[in-house]
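See the structures that follow.
In the two assemblies presented below, subunit A is common to both, partnered first by subunit B and then by subunit C.
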Partner chain A sequence: MKKSWLKLIAPLFAIALIGAACGGSDSDSESSSSSDTESSTETETTEAPETEDTVLEAGTEAEGDVDTEVEAVVEESSYGGTVIIGLEAEATGLRPWEDGCSSPCLVMMKAMIDTMVERRADGTYGPWLAKSWSSNEGYTEWTFELQEGVLFHNGYSFNAKTLVDMFELQKVGAISAGVVSAAKVGEVVAVDNLTVKYVLTGAHSAFPSFLYGVGLGGVFEPNAANEDFDGFSMNPIGTGPFMMDKRDLDNETIVVRNPNYWMSDEDGNQLPYLDSVQFRPIPDEGTRLDSLLSGTTSMMQTLRQGTIRDARAAKADGADITLLEFQGNNVGGGQYNNNNPPLDDVRVRKGLTQMNNQDAVIEALGGTGISLPGTQWFSPDSPWYSEKVAAAWPKFDFDAGKALIEEYVNDPDRSDGRDVGDNIEVELSCPPDPTLIAAIQVIEQLWSATGMIDVNVTNYDQQTHINYALGAPPDFMGEHGAHCWRWSSNDDPSTFLNTQFAPPTLGIAAAYGLDGIFSPINFPNYFDIEMFGWLVAAISTDVFEERYALYEMVMMRLARDVPVWYSGHTATLLAAESNILGVNGWLLPDGSLGAGFPSAVARWGQVFIDN
Partner chain B sequence: MGKILTVRLARLVATLFAVSLLTFLLVEQLPGDPVTALLPPEALHDLETIERIRAELQLDDPALVRYGRWVTDALQGDLGKSYITDQRVADAIRDRIPVTMELALLATVIAAVLAVPIGAFSAYREGGRFDRMMSGFTTAALSIPAFVAAIFFIWLFTLKFNWLPSTGWNRITDKGLLANLKTAILPASALALAPLAINARLIRADMIGTLKEDYVLSARAKGLRDRYILMRHALRPSALTAITVFGLQLGGLIGGTVVIETVFALPGLGTRLISGIYQRDVMMIQGITLFVATVYVVVNTAVDLLYLALDPRIRRQ
Partner chain C sequence: MSDSETVIQTGKSSSKRNGFLTAISEMPVMVKLALFWLVFIVTAAIYAQIDLLLNQALPLQDPFHQPFLFGDASPVEGPSADHVLGTDILSRDNLSRLIHGAWVSLIVAVTVVAFGIVFGGFIGAFVGYVRGRSETVVMAGLDVVLAFPPLVLLLALVSIYKVRNLTLIALVFGVLSIPTYVRIARASTLGIASREFIQAAEAIGTKRRSILFREIIPNIMPALLAYALISAGFVIVIEGTLSYLGLSVQIPQPTWGNMINEGRRDIRRTILPIFWPGLFLTLTVVSLNMLGDWVQQRVAVRSSAL
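And then the complex of A and B:
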């Protein structure tokens, strides 16, 4: 650690130079409102809990990436103690239906707000506040049986009426209204005290995955929300293992044990184990790691490859910490605006992609040995990953890429209207993050080296960057060119792919007879009616093999038409003092192994300090 | 004096008007729609929701109307409500200003307490070893950005010696003064480096001149002790310049805490401003910028007026 401060100076100095010295929100963050899928069965039931000495493992381990092993805890748990965790940002609010919630916010919210379902280590969805569920044949009605004896922090009971009342707020919530629409929820009906039915306006075979996200599945006490709409943000009332004790914005938020929590461990011991958890937003990556190493905090999260590298170095230097690394589906890279010449021509898109040296870009991002090169929206650890797609993706081949550009440049019918032989012009844009700037410099140099591409590099702050690609309502056709972006998540593919590649405008939708079905977040403005059909088909069946085949076809189409490009998959990290256990070994009520800590989001109910 | 006061106050109002207008226009010019920035991707295809929120936030009014409404409300102490968190901007400022003010004040105190003896003794030993050493120190202190000093301090006092916490803020009201100082001293010290160097140099230069004045030579001739001459006869006239600069620096330090608050993760105005920028929280950006500008302009004007009151020669000019 002798030179750790020196290592931090260079990037910080760069940040200062570009006027963005104070990191904060992060493009890596996985939105809470993007819910998940992967339900499959007609009816799920709870299963017998695993025995204490069983070690469960999930996921495959790809070579050269981070350790994503999820395994059950074997140490004997103990009560008491406080975990202080450094987060990358403060939560803007803690109302599940109203406030946007990225990874650091979810770390906090998950302590107080339970969701209806949880994700297992194998990617499927299992019971949480919903004990079991089933659907009708057409996947338009989903019936959920609820856990008994669950109390909110204010003493109210959780039941079917709670969900009906919540839905009134969710329908108009700034966050949840969109999720309600994407999930096609038309109505929520209380069948009896502990049975609720979600009636959809269209088929969705993966609907329960939406109840994993806090936007629709985060259970809050509706009376408290109605009584104090704004105040709920500071003092959320859920059924979670911890209750709000103190919220000092941008300084510390303290939650304390919920004595009436509904869950017990497999030996019947009341959860949670910890007395309290303190959340401290520490935006600066280096300071957050230093705070852990100095004992100011006992845990930290990061979504940055460079920080993972530094944390590994600290551990190698003897720091007594555990590194919980996770290689997610989320993949960096960018998108070509398929609406703007010359990027509307597949030869240009494919040529630019083939001239993009992924390994060099990942190295510039600080991800060598941490982040795997992406070829699709799924990492090799995902059940949706396809070797066939990996083989088909146009990999780095400078000469082949240059030949494609040359073909376009010499085409008398080139789409940009320029004369034969004229250079093409491409805007390459990334947010002003030092590592991202380093990465686009690599790409810019490669593209410029052809002598046929005038690359115009631009940097906008994160929000402007997004808005630039989004464009303005009602058409939402951004004016961007080649635009840094992130794709995918560990959620069910339908939750992001179906909206990402729906018709980008109402006009295009109408042209294909899809009136009213459009998506402003089709940022590449790429639409293929055949591919869209596959996406729709994938939510009309719950047979994994069929869905896998459909998503593989979608990925193959992306490999052919190249509307986007990839750098590496995003690795995330939760680092903790080595006596903090249970972060990666939590179990669902049916005894199955939970998903661990995707996107550096911990579940606190089963975390304990080994004394 | 009355005329001068009127002119200064008129300038103050004009400056604040310009700041408010510029801030509003700059935020207005940012590409993109603040409403779409508020919503998650899933909600963007719901045009009805977008329009409903736009209407609720009165964003469909012309820019001039919105500016007029904002300024009118601001004059009555209402800086609006955050689009993102629904918190009132005035409340956010009220909650955070104690941290930022304490940092700025503590940095000023540290700078003053160290700059006076360093400057005075350097002047007294002009060209000597101490003077040369301090000259090197002040050059280094001026060259090193505050955030680099902050990182160095964290490395030294937290990682190396584990004396002080690297992050967090203990509020005096919650945990007492000592606990508070434990969290405040590192960031305040990082913030104090540049003003300390400037003030030490200023005092040194001023005192070198003062020490050559006839009355100082006369005092020496009378056999008064050096320390007495330095503190009573030489420092007093030089202090006027230093006090002015300290005052001006205080205003600047409030703005300067932005980076330091971020590095040390402190719940001050700077942190809130930065998160507001990242979140495109228009009202928060405008409100905090106007507030910081107001403090800066008011402190500057107050120092100007104090200077006028203290020095009759300037009044006459």
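And then the complex of A and C:
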């Protein structure tokens, strides 16, 4: 009797451990499931041509449906009112040179911080705080004429010396130092009170595009920044249309009209129109949309395809809202660590990519009918987009992909050192976002279905995910395998491609005679000396056709070597009550039409409420 | 034999089988339903594992298979003959995933109970009976463990090992459960150790080890088991929370928590992918709590008779 409890506990304990051991190995359960899946897949692959035919050709489906056209406002503007916008996250800081600023942060920062240049609807760059600019023949010196009569929120004047003083902080800023390096800025010189010269250490024909970003182009008051370096993060002093009134982190940030704003509308009316803007971080996507629909907020932003779908449904159900959708160059997908076997072999990278059903991944992301399949770093509405590249990109073809993997697996000289016939092992990692988790499981299922790939799925928080790909000094090679990532932006291609595909280590740079030129953010660790030459050539000319041809060659090389893969382009949305106007169709000082609302970032100076 | 043992054995005096049936017959209807649900969940989870071991030879759908990749089903389908509880956002069968998800909850709960009772129960009984310096050292050490945030420990382990399999998760939960069981076992032991039958056993020269294993531990077991049932429910909720946050076992292994997390993307379209795992989780936890409460009441009655 007295041992009866032991009889009870012993099996309990044994079951627990055996159960944990049996069920604990994910690979075990996956392998048993994958064998079944494989047969299913093989059955299905007999229908593969049909499946392939249904793959969307980038640019042929939904184009126009996914973008809201940027057009001038026709309604008469009026003063007053407050817009309350729900943001997907709080801004960690509002120092342009120091704090990393993503879309929700930019929505806030753009209310207070003007940039030197702005982007037009046609993709070119136009005047903002810089009235005009020119360069020398070699594109190593850029001279900018500045707007007159511009005052900071604290009453200081904006002039050439401001930019010289700003540069001292930008050279060492956590964010701007990298931009300074990429833009090759060596020195900023005040030619006269309203003329400034950026002296570069090398040619850069697209240099003004760097002054569009807040990292280098965001104009802040340097005295205030030097006096209270940390405090500036909570109370930024710029020349923007609004001034900080209240900053309650994670709850509410309120900015109020700048009475001394330098800009007027076409009729000479002082801008801005609104009395104030309130920013409320609401991280949950559904709650943010509900807040707009219930009138708690009057505007919201999202970068999630599923929320765009829900907002469309709400509007179709009669919600009185305007949807401002934008699909830029930014494209989801991932990268292969080209430094680590077996991903160092192009057959493996291309094979994995061909087995990746883009349509299914986009469906898993909730983006069907919203997000265009990516084939390159440019969306179909970008001037840099290439049909030739779109045709060359390896599309979903399960059998072809499987054949490539099989070829590698049976290669006696396979790079991973395993025996012929052994499975390859691939780590597939995404941050633990629900939509990404769904997408990663689609890819895992397809890769596992070959029976030749042991897929190790992992999820780390966003910061760990990035650090894992970044790696540690001095080489920054990263230990990742197949790693979810986003690519590209609407900036000039040189701003992201040149750093992304520079030599990943000093050793590789030295091997190619490029001493000292390396990029820790070459996350795929992919380097092609010929391609790098094209990237350098593209910033040595400002002839669009020449640059286009060079970037097309770069994209063709990526389509050949497949260091990265794509899912869909990132659609973004600003949804607002229908009487909020001017988010779409704002104008530059020269009267040209602005870029609208790229990446769900609004420009607040010309927004008004139509009463 | 001590008086207390006589009392505790009263219900088993005729036969264990009759005692078990008597206990069930004495249960209120709701507790019977709770027991039925738990038996169903355990049986279903074991069935699912056998199915996996047999390479899915049993009539249960593959919880990982995504038919929409091959045009066989659509994501987020409602209930149908093929999918009794519908499909999830990747067109996988909800019922199959719920049953496989139950295995994770079951293993975590059983591991915690096993670790708690075996290690926590023994350590608590030992220090509660022996007392002295060992008690001071052990209890101080456990206070340190209790002060350590379990989530931080789990995150640290994940960062170090870069894996989140069921073994690791279950072991972490199991180890973290020990201090609470030690406290309960120690407290119960302190009460029992001062009883006359223990003093009598010591007076007649019974070895302390024998007293510990034959007198004390059997008498603290009912209290530990009652707590174990309630803590198992709590642990299932915690595991579900971690899964929801993406910190429990690695996808694509289904768990009720990660099913809820994945389903929330489409909550405006249909609540079913969230409803089912939520219902299973709730029913299981409520059942464990009801059963635990019932056991606790019976233990309290018997203890009062000591």
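FYI, the second predicted complex is superposed on the first by the 546 of 611 C-alpha atoms of A that agree within 3 Å, B and C clash if a C-alpha of one lies under 4 Å from a C-alpha of the other, contacts with A are read in each partner's own complex, and residues count from 1 in each chain.
The working rule: a contact is a pair of C-beta atoms (placed from the backbone, for glycine too) under 8 Å apart; a residue touches a chain by one contact, two chains touch by 3 or more.
Remember, predicted model here, so these are calculated numbers, not experimental data.
> In the superposed arrangement, does A:88 touch subunit B (first), subunit C (second), both or neither?
So A:88 meets neither subunit B nor subunit C here.
> Regarding the shared-chain residue A:357, is it in contact with subunit B (first), subunit C (second), both, or neither?
A:357 contacts subunit C only, not subunit B.
> Could you tell me if A:280 is touching subunit B, subunit C, both of them or neither one (first, second, both, neither)?
first
> A:145 in the overlay: touching subunit B, subunit C, both, or neither? Say first, second, both or neither.
Neither partner.
> Let me test your reading of the model: by the given contact rule, A:466 touches which partner, first (subunit B), second (subunit C), both or neither?
Only subunit B; A:466 stays clear of subunit C.
> Contact-wise, after the overlay, does A:182 reach subunit B, subunit C, both or neither (first, second, both, neither)?
A:182: touches subunit B, not subunit C.
> Counting only touches as set out at the top, which of subunit B and subunit C does A:432 meet: first, second, both, neither?
In the superposed model, A:432 contacts subunit C only, not subunit B.
> In the overlaid three-chain picture, which partner chain does A:577 touch, first (subunit B) or second (subunit C), both, or neither?
In the superposed model, A:577 contacts neither subunit B nor subunit C.
> Of subunit B and subunit C, which one touches more residues of subunit A?
B
> Under the contact definition given at the top, report the residues of subunit A touching subunit B in one complex and subunit C in the other.
1, 5, 9, 12-13, 16, 21-25, 33-34, 286, 460, 464.
> Help me check something: in the complex, which residues belonging to subunit A touch subunit C?
Touch list, subunit A to subunit C: 1-2, 5, 9, 12-13, 15-17, 19-26, 29-30, 32-37, 40-41, 43-44, 47, 51, 286, 306, 310, 313, 357, 360, 363-364, 366, 432, 434-435, 437-438, 440-442, 444-446, 457-460, 464.
> Once bound in the complex, which stretches of subunit C touch subunit A?
9, 12, 49, 52-53, 55-56, 62-66, 68-71, 75, 89-90, 103-104, 106-107, 110-111, 113-115, 117-118, 158-159, 162-168, 170-171, 174, 213-214, 217-218, 221, 245-247, 249-253, 258, 261-262, 264-268
> Under the touch definition given earlier, write down the residues of subunit B that touch subunit A in their complex.
30-33, 36-47, 49-50, 53, 84-87, 92, 95-96, 145, 147-148, 151-152, 154-156, 158-159, 162, 165-169, 171, 258-259, 262-268, 270-272, 274-275, 277-280
> So in the complex, which bits of subunit A are touching subunit B?
Residue list for subunit A touching subunit B: 1, 4-5, 8-9, 12-13, 16, 21-25, 31, 33-34, 86, 89-90, 92-93, 99-100, 172, 174-175, 177-179, 181-182, 215, 230, 233, 248-252, 280-284, 286-288, 290-291, 293-297, 460-464, 466-468, 470, 472-474, 476, 499, 502, 518-521.
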